[in-house]
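Each chain gets a letter, A, B, C, D and E, in the order it is written, and its residues are counted from 1.
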Amino acid sequence: MNSAQSQSLNVLLQEIEGIQLTHQNQRRLRADISADALPALLALLRGRAGYVHLSAISCVDWIEDDQFELVYHLWSYETSILISAHIRVARDPGIYLSVFDIYTPAAFFERDIHEMFGLYFEGSPDMSKFILTEWDGPPPMRKDFDSEQWVMDNFTWQDYHPDWLKQIEQQGGGVVKSADSSRKSS
Amino acid sequence: MKSTDLDRIEVNPKTMPKRTNPLANVFDDLVRFCRSRSMFMLHYCTGCGAIELPPAMTSRFDMERLGIQPMVTPRQADILLITGYVSIKTLKRVILTYEQMGSPKYVIGICSCTVNGGMYWQSYATAKKLDEYMPVDLYIAGCMPRPEAVIEGLQQLMDKIKNDQANSWKQYYENYDYYLGNQQKLFGNNWQTPTDVIGEAEIYRLMGPQTLGEHTKILQQVQKPMEPLEMKL
Amino acid sequence: MRPENYQAVNHPPSHEYELNFGPNHPGIEGNYALKVKLQGDIVIEARADGGYLHRGFEKLMENRLWIQNIALVPRICVPDPVPMEVCYSLAVEDLDDIKVPERAQWLRVLQLELSRIAAHLFTFGGHAATTGMYTPMYWGVTDRDLILDLFEELTGGRVYSIYNLPGGVRQDMPEGFLQRVTQTMDYIDGRLKDYDNLFFTNQIFIRRSKGVGVINQQQALEWGVTGPNLRACGLAFDVRRDDSYLIYDQLDFDIPTEDAGDAWARTLVRRMELVESIRIVRQVVQALPDIKGPVRTPIPNPLAWRVKAGDSYTRVESSKGELAYYIVSNGEEKPYRVHIRGPSSMHAVQVLEKLSVGCRLEDVAQTMFSLDACPPEVDR
Amino acid sequence: MANSILLTILEVILMPLVAFIVGLFMVLMMRKLAAKLQRRVGPPLFQPLYDIVKLYGKQTQISHGLIHDIGIIMAVGGYVAAEALLPVPGMDGIAAKGGLVTLAYLMMVPSLGLALGVGQCANPNGSIGISRALTAMLAYDIPFIIVIFGVAYHFGSTNLVSIIATQQAEGIAGWGISEMPILAIAGLFALHASLGKQPFEIYIAPAEIATGPMVEMGGKFLGGLFVMQTFQLYTASVLYVSLFLGGGENWVTFLIKCFAVLAIPVLIAYLFPRYRTEDLIRLVWKWPVMLALLGVAFVMN
Amino acid sequence: MSMLDTLLLISLLTVLLTGLGQRVTFIGWIATLLLTAQLLTLLLMGKLGYGGEIIDASFGFSILGQPLNWRYDALSWFFALITIGSALAGSAFAAGAWGDQYRKEGGNPGLLQFSIALNVLAMLLLLGSGDLLSLFIGWELVSWASLLLMVIAGGRASEFGMRYIVYATAGAMAVLAGLAIIFQLTGSFAYDDLAAVAPALNTLQIVTLTLLFFFGFGIKMGLLPFHLWQADAYAETPGPGTAFLGAISSRMGLYAILVVIIQLIGLVRLIEIEIPYSFLSLRDLLMWVAAISIIIPTFIALRQSDARRLLAWHGIGQGGYMLIGLLVLDPYGSAGGLMHVFNHATYQAALFLSVSAVIYRTRTSDLNRLGGLVTRMPLSFLVMLIGIIGLAGIPPMNGFVSKWLVYRSLIIEGMPLLFVASVIGTLGTILSVYKLIHNTFLGQLRLEHEHIREVPLSMTIPMLVLSAIVFITGFMPGLVLDWVGSAQVALGMPQLAHTLGGVESTQGSLDMIWVCSVLFGGFAVGALLFYSGNKAKRVHQLDNYAGGHFLTADVRYHYSDNFYAGLMHHIGSWYRGSFLWLESSLISVVSSLSGGAQLLYNSFHPALYLLMAITLSLYFFIG
């Protein structure tokens, strides 16, 4: 990347209201914006800055702030700068807009976030479950879901000293085998 | 391999009484020998241990010299290799698959995860102890076990079959209520597979005192077992 | 599963029928499912169905120490686990501003490229087997085993090595290791000719795979295709070069591309990458003896290690495509959030669904294998 | 008269038995050759037998209905009957009472039986497999039947016994392969295709249709198919040997010829992927048919 | 009064009684009874089948100075046996439960019985014709009678019937023209006169006569390219009627061709005539027409998704085997051809009845809406199984024997391409009949068919009797070959020496008794092996491999549509390229013709027109 490209990108990004840019390193640019401005930012990046690749959408559950943070990681094959656009949406009712019309890959990430966090994206083509189709509990990635507790409730606790292990231990340990017995061919 | 080694890790040594007719004995021995020398394993990569099966199958370790070859559908297979953790979604399929296999069938739990959940003990998504849901003949521990270990385990299974000790499939019929209960606990009370295990147990005289119980009652309440389409004139 | 599912309802009076590819099916990679609806032998609708390998990694990692997680990450992509370790380590180093010694970087590259060769050899085998040709599978898996032997020697583990830690690698390589690497590379180099004769120039295979699952360049960009699949559409993009990490900028390697964008082109790109990876390995082997120094920057007591608050989006090029970790730390002993962007999450779901429609029944399996989708990466 | 009938019955009983045993070794040879090509050891000597005994010895079996059962019976029985029409050294069975055309059509009985059995399983994978198998049959039977025409016309008879006798009378020069080399090549093509090995393996195709017809077969059903496979290999190679290689003067040369004939397609098979259905038809309808017609043209002049 | 008089009288009685007793509920049984009487009478004439003397009718007329007479020889007897037999099967099938349901749905079973009886009478008259004039009269009667059977269902059937009648009229014109030429040449319509003159005719005359008669009679047989009317017209008829039509109706054309072209004009003359600019003789041309009539309809049948239409197309295709066999002119071929008439009638009737049974229960013959019926209708399945094995020509059913004879003669006579053509036809048949049985009886049972039952006894018995005949004559082909041999003699062809089990020859013999015994022995071995294993538990069809998934009841898990998709990728374009082009061009010609005909017929009801035809023929009788 050269600095001219970087400059023009900066200028371009200033068109979005309330954007805060942070250069994390040479190839990472962090942009904090309001949730309302995000579609405009993405449209701008895709339309005018060559950001055709949506690398990922990450969701972070800031339970103390009662907010979800959505991070849109965008990559341009031309400028080779990765822009991470951070927005915050309220945890309740947990609805946000889909960016599927701007970036096709968003469909998968939004679907994933919906089943893992329960955040609904309006306008996404498919909000049905993908991984957790047979899961009835709450969205598991939320911070208030305690995986360990769920395991305790649903599975018998692991007994690491069953009788057969004790027996083996009494007899002096694990399986005794000659080294070569798996080499024989018949 | 000496059989004394085997006894040490035998979960529940249980040999069936041999038939008295010497000819039948010889015949049984022959069939068991053939069973031990021809094991078709199901091509089902349930977890990450499956990555060590291709090496065990292919030219370097060549399972076929032991008469082991992969098969596609549960109908054809004898061994169900549970290669690692089973997520709950997979566990349902594994049980379906297990019930569709023809007996005698053997289950090998490969990787530590099948023993007690392994490193995923905290995970909400994986089942922890495989033998609560289906009887397991043999565990091969490790994360993941090397191909040598897999073959070693298969050889142990061969010996067990030859010595008539690999009868876990009978346990499934005899203790169906127990296994069904655990399955119902995890999947909900209206859990049902298309296979009529109780009917099979009746036909093949594999009913045990534990086959029927409160859990099978729930199953039968929910729905009558699916009746096969008998020919009607 | 549920009794009502077995109750009689009317069958649709249509000319379509359904088939399930997977989870227990040789035409699917790993434990994954593709439900297709067909008319004759043309797929008219395809639905990917994942989650069979779901372990909740992202949740698990939030519950474990930074250092514990290093044991967890390679499990995410079973056929190609090394990039997972490296990427996680890079991300944590980025967060905590840890400088990695140069020798460790070279060792990481060595391991990454060996892993890429292993993964590609494995993929060829699978792809060949879907077309009914089992010999390349037998050969490929066996040759891959030689690389696993190298891993075993270097790290102690055949598949999951847990060799990379934040701060470097666990240990230096053993005596005479580089020589054995060279030997193995020579052997695989020599074998490539056999593979070409048997597989890559096999007229029937070419006939089978050409024109299957075609992605053009525009679609590839639109759908978020990455890695060899993207390069098979004619776009020379590689994270190793364009978003360079470790010491890849000091290495001399090409980025092979093909223009057709079909299964054949994707396979061919992998075949050419194999050569490039061998080239990189040879460069590393040449350079490593001259690079002295430690292989690990010491980190604080791992059991009480608090990584600085912040977030990092780190990408590496795995054999399947662009792999990225988004890690958020709030300054605690455990990560606050880890998001894994596996390359296959695009390929195995959206791209596969789209490519399967209109595809012949014969080619469904081939499409998936040529995309080299890795289900555990999708399910996490 | 009664004596000869008794003798025929004895032969009819013996011939399938011999076919089964030879077939077992043919299966073994096939798997061993594959193993050698794939640089591995391969199965032990009696592996095919172990497989069959084990499959028949399964404790629980699954059937989808009577036709499923009958299909397997027909599949095995059809081949058992076909063996009686294939003369081997010292035994003619009822070869003189049936002849080539009967044999060719009798060999469709097992396919039909299998098709019925698979159909009852109500599994689309199986049905697709059968649809492909029948398509493949349509493809390879055309060159096969032209070859049969050529041979029968050349020897002026559809009687396999007299065809073999004519060939043996003149030594190697009188063999079908020296008199009708083009037909012999076309016949080898058809033989390869009829074995359903790669590149003609369209109806097994595990990665596409989960092993096609075998999808719901387990236990004795699959065992029946394994038995059928031994017969299939035997029938195909013995028929070829009878038509082109002068049949068997004695058991040693006969078996050598049979195994050698079989080795050719097997060696080719493991080096190729499978065709798509239409490519298979295109290939088989082009080269073997062309060769066969050319061969017939030579024969008729 | 000779036996023939009795036969015709009973037949007439059948027509009259069924015609008058339209409202009687048990009219079907009366018709069945009377047809049985006809069959018995015919069997009393059974000596004919074993080389007995020709039986003359005691009545005769003369029109315009031309005598009309009727007599039965072995050939007529052979065809009459098939006619009455298949009519009896159809009639008995329709008499009981089927007729009741048909009536409930607004049909008139009495009319159906009447038209079957009428067809039988017309055919008996045709078969008994003793000269060309009575042949023509019989021919016309048959044409119009079968029209009645075709249009009986109304609706689309009338449309197809119209199409048929256009063809039939054209054919009749051609025959009439041929007769006119013959009359000019010989001055009489007697067979003997024509036979005497035939050797002296010049090439042009022979060619003209042959083509005219071949065209005229070939239309009825559905020979290419005049096949387009047949499948539709047959398929739309009510079940038992289809069985009768499919079994025998088209064979009247074959009979007429046999009598006029082979018996009277003589095949030898045809072989002598070379077609300019080709290597073919006139006979070869006819054989190729027959061969193409085998292949194209068979492959059109492959594409059908309606069971009856599929079978009807096969009916056309099988006609080609008969003709090809007869034209080979050696004892094997002609015996094969003639035997195939019998065999075809038996299994085709069985198949159509089986399909009718399925329609009776499920109300559809759409192959995409059926499946899995074997558990519900096992007897119908058995009938269809035997039928398709016969149709495909696989041992041990009778279809194999006749096809074997045809193949053998083609091999020994050295006709490779025709041989290959007929084998391609057989292979195509195997493909499409498997589709038929798979899509109706095998696979997933549709839920709406969960509770249907086997058809009642009145329907199963005719089907089972037919399939028993299919098997028995396959096991002991000598039974039929006796009759065939006599018919060959009557035709003036060399007789086939045969045994009970088939043919004995140095060039390759066939002994079906041995082959079948060994085959069933093989099955016994297979069964022994099979039942040596542990008993199998029946499972529900949802307990099935679905890639490890749970199958649910709402999923359609049955492959039926476009069953040979892979094949169609290769040959599908040929349908578009050639078959369809041929068909569409012919259809356009026909539709323009029938447009003209429509104007003519529009004001009349077809039945009325039929009445006119009958009156006209009666006028011939009396005058």
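The rule is short, and it goes like this: a contact is a pair of C-beta atoms (placed from the backbone, for glycine too) under 8 Å apart; a residue touches a chain by one contact, two chains touch by 3 or more.
Just so you know, these numbers come straight off a predicted model, no measurement behind them.
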item: Lowest number of touching-chain links that must be crossed from subunit A to subunit B; value: 1
item: If a chain touches subunit A and subunit D alike, it appears here; value: B, C
item: Chain grouping by contact, computed as though subunit C were missing; value: one piece
item: Distance-maximising chain from subunit A - centres being C-alpha averages; value: E
item: Chain at maximum distance from subunit C, centres defined as averaged CA atoms; value: E
item: Top-ranked pair of chains - ranking by C-beta pairs in contact; value: D-E
item: Most centrally placed chain - per-chain CA mean versus overall CA mean; value: D
item: Whole-Å gap separating subunit A and subunit C, where each centre is the average of the chain's CA atoms; value: 18
item: Centre-of-Cα separation between subunit E and subunit C, whole angstrom; value: 64
item: Whole-Å gap separating subunit C and subunit D, where each centre is the average of the chain's CA atoms; value: 44
item: Cα-centroid distance, subunit B relative to subunit E, in whole angstrom; value: 57
item: Per-residue overlap in subunit A, given as positions that touch at least 2 other chains; value: 133-134, 140, 145, 147-148, 185-186
item: Where subunit D touches two or more other chains, by residue; value: 38-41, 44, 57-62, 65-66, 124-125, 128, 206, 210, 215-216, 219, 221, 276-277
item: Junction residues of subunit C - those touching two or more other chains; value: 1, 6-7, 17-19, 23-26, 41, 51, 54, 56, 59-60, 63, 138-139, 142, 379
item: Subunit E partner contacts - residues on subunit B that touch it in the complex; value: 44, 73-75, 92-93, 96-97, 100, 193-196, 199-200, 203-204, 226-233
item: Residues on subunit C engaged by subunit E in the complex (per definition of touch); value: 1, 5-25, 28, 33, 35, 39-42
item: Contact footprint of subunit D on subunit B as seen in their complex; value: 30-31, 33-35, 37-38, 43, 58-60, 62, 64-65, 67, 71-78, 100-104, 200, 204, 228-229, 231
item: Residues on subunit B engaged by subunit A in the complex (per definition of touch); value: 1, 5, 8-9, 11, 65, 88-89, 92, 116-117, 121-125, 127-129, 132, 148, 151-152, 155, 185-186, 188
item: Subunit C contact footprint on subunit E (complex, rising order); value: 368-369, 444, 446-448, 450, 542, 546-550, 552-562, 565-566, 568-569
